[in-house]
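Note that the chains take the letters A, B, C and D in the order they are written out, and that residue 1 is the start of every chain.
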């Protein structure tokens, strides 16, 4: 399917504020970016680099006053997300070098503390994809998904105690549980068609059967329509907008994901 | 200034043909990509990766039949290209690690054979920027620029013998001469506003005074309006379209660079 | 000075256990590895890769039974550690791309929670090196250094509450405080000559004045004799031995750092 | 088998001369470095970095006067080199991203000029390993191996015309022929046990059947005893000692490869 995504952000800036943005999409395994717009107002200089996760990052200093970012993209994405019941666990010694860092605990995914809980949740399941599916189901059934309540990111331990969270929080818990079983897992930030209510979204991927697969504990079932913005170990790595100095929050944020026809691109 | 660049390519494909394309622009030091389009017909799956030079590369297999690529971008680029007469030579021991590979000879820039010639051309010039300027001037004055005659890429040695070449060839000779003096130099492929006749363009950059500077032996003087597509050691690394198997040439190629107003983006 | 370092580890393995080791030293800014030994018993196959922090990592699967690792190195290290009172804070927009990830919170350094505390500790100090020195001093004066009590790694928040910790813990707190002020900071694991009692050691580096500087809240003053094994965001990234599956602890560990003469290498 | 390798180089330096050395071995797929020595006289500061091919490179400035480098290593290497008759050609679209650059022509391997010749040599052979074996045999049978005649590196085209060369030259021709068939190929520099006469050695690897395999047109058959120092596209990338400024040649060079027992390490 073809989707038109849009993310507009406006800020009221008091002092010159360095930003690192991650708002340029990449074409990849299951998405092709046919058209993209990325505008700033005012149009300050901006530099781009690729981080260690392969994300395109944009650096700039926002000047005092009103500062806006307008991005949109026309993306072809798969109608169905690949699923692979039975896909086997990959022994650590056979994991590609580049995947190993996704086994380590990270700021919001304290996988070093979830070994017993993950073992309990996945008891009786085939090692690999089926374990991750059991984790996704457990999180869906046990942690309430409360969209729009996000403020400060909290960690998997805190979410597990609290029993509820935003999409990012549920993904963090899923990731921590996977890693504690030596299954590489990473956070994905992006868009999802028909998300209710519409917002930026976060889910996770796990590496089983020799590749990454998509999991999303906030949705009742996996369907097509995911558009990836960025990957990372957790939300610390994949901030759509990371700003330094006195905190600055968007005064306006407009996220849209709209189905389009190929002829409209 | 704001420029709208366009590169359309069409091929007649006889057998399934793997391509590596380098047609997605990056925002960087002197350019900001505000809008971009990238379409394929037919719309085959395409994967993207970043090569060791930081270029975005797209991989695909073109199916038999008519195959077209349409790309365009709206780019803000500097009105003037930075120049720095007197900028000093950087001793090899102070070059950043990542710049060292641009000292080595490469397929089309046999810098290991140009030491004496480069020494002669730059005799009496300050080490650094002024040496490169002398090289650029020498190439401009001694190698005839014959746009549109390109077929198979030839190397700096061959161009120096032949006495004429396309933009890429003149750049290769400039690069070989710089490297033979231990000045890092790299090929740049992209667009140039008001290029006569309009086509894809190639020029080179040299690393002096702690950064890369732009040089172009095909133009009578350096002016603004350059848009970078990719960087590499030479044309072997920066092929806009690299295809494998039986050779395939574009049956149609349309390159445009048009000045636009910011409001038209 | 020339130092001979030694790290021997023995394990009793019950099931085949994948390890990632980080026990091969790198030559670098302040150390030169003139000689190195690295032996395994039994001598299982081992593969080496470079992680995203530049560390050399060794992968292997330890077979059931007694498994030992013997490493030693003869290293020339600076007699004095560079200090730079007054070295300025580097604004985020001028940090090299590769340094940016050391600003982010990580598993054991929840810098997103230390803003107020860091501001209080560094009130009145020049921005940059002097702030980091104030943080190092504060940690030294307020967190008791209890060598040899290490078990499970705990995070900066937990250490701050607990008021005591091993070298790694004090470093984590220093790092979290630096990052909360937008000063890049990273964990260093290695050896220190004359450390009392002798053990593997951990300290931290902060990026001010355009380079990394060494800080160590466990020692009364910075002196020479540091030998770096690896760098990372925190202890999750720089585990000397990271093993997967059922936990395995060394049944024997022998760490030595001995001053030698150049002629003994 | 266990081998003790040794490479000692001495230079008479007239002006301070920057060097990039590639003399630190890596443990990897078929070799394990158990012990290593690396000494300089005089002991100037030296910095190490990893290049884009994964080689460890050492940077230094040699001071005027006598300058010596002493390196040795105890390495376990496979008794047999893996061979895989019938291993299939990997279609370009299935090659890993990181392997793609080994398809491109390079300074000494002008693969863009060898298409017809490679097709003729490999006519009737299975695509993949058997083609590379045919190329190796053709080079062995048609280009005379003249060890010790090396001076300035020459390219595959020149070697093919000349009909003779050193190990590096034969490897370059083999590489150029492979790449012209879209088979990735790279130069390897290292040691070979029982090489006659003993010297540093060069051979090549080709990527078929999903991995790199070893080929060596200078030897009558592939046997064990290879120790890798470095990899690259050709000799421009893998110079054991690369020096800048006025040329400097070793006044003394001592290469040894000696079989040892494990107990002697």
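As a convention for this text, contacts are C-beta pairs under 8 Å (C-beta built on N, C-alpha and C of every residue); 3 or more make two chains touch, one makes a residue touch a chain.
Just so we're clear, the structure is a prediction, and the values are computed from it rather than from any experiment.
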Third chains touching both chain C and chain A: none
Distance from the mean Cα position of chain D to that of chain B, given in whole angstrom: 30
For chain C paired with chain D, centre-to-centre distance based on mean C-alpha positions, whole Å: 35
Rounded Å distance, chain B centre to chain C centre (Cα mean): 43
Multi-chain contact residues (two or more partners), chain B: none
Topology of the chain contact graph, where touching chains are joined (line, ring, star, complete, other): ring
Chain A to chain C touching residues, read off their complex: 18, 20, 49, 51-52, 57, 59-61, 91-93, 97, 100-101, 103-107, 109-110, 112, 152-153, 182, 236-237, 242, 244-245
Interfacial residue positions of chain D with respect to chain C in the complex: 24, 26-29, 32-39, 43, 45-48, 50, 54, 58, 76, 262, 265
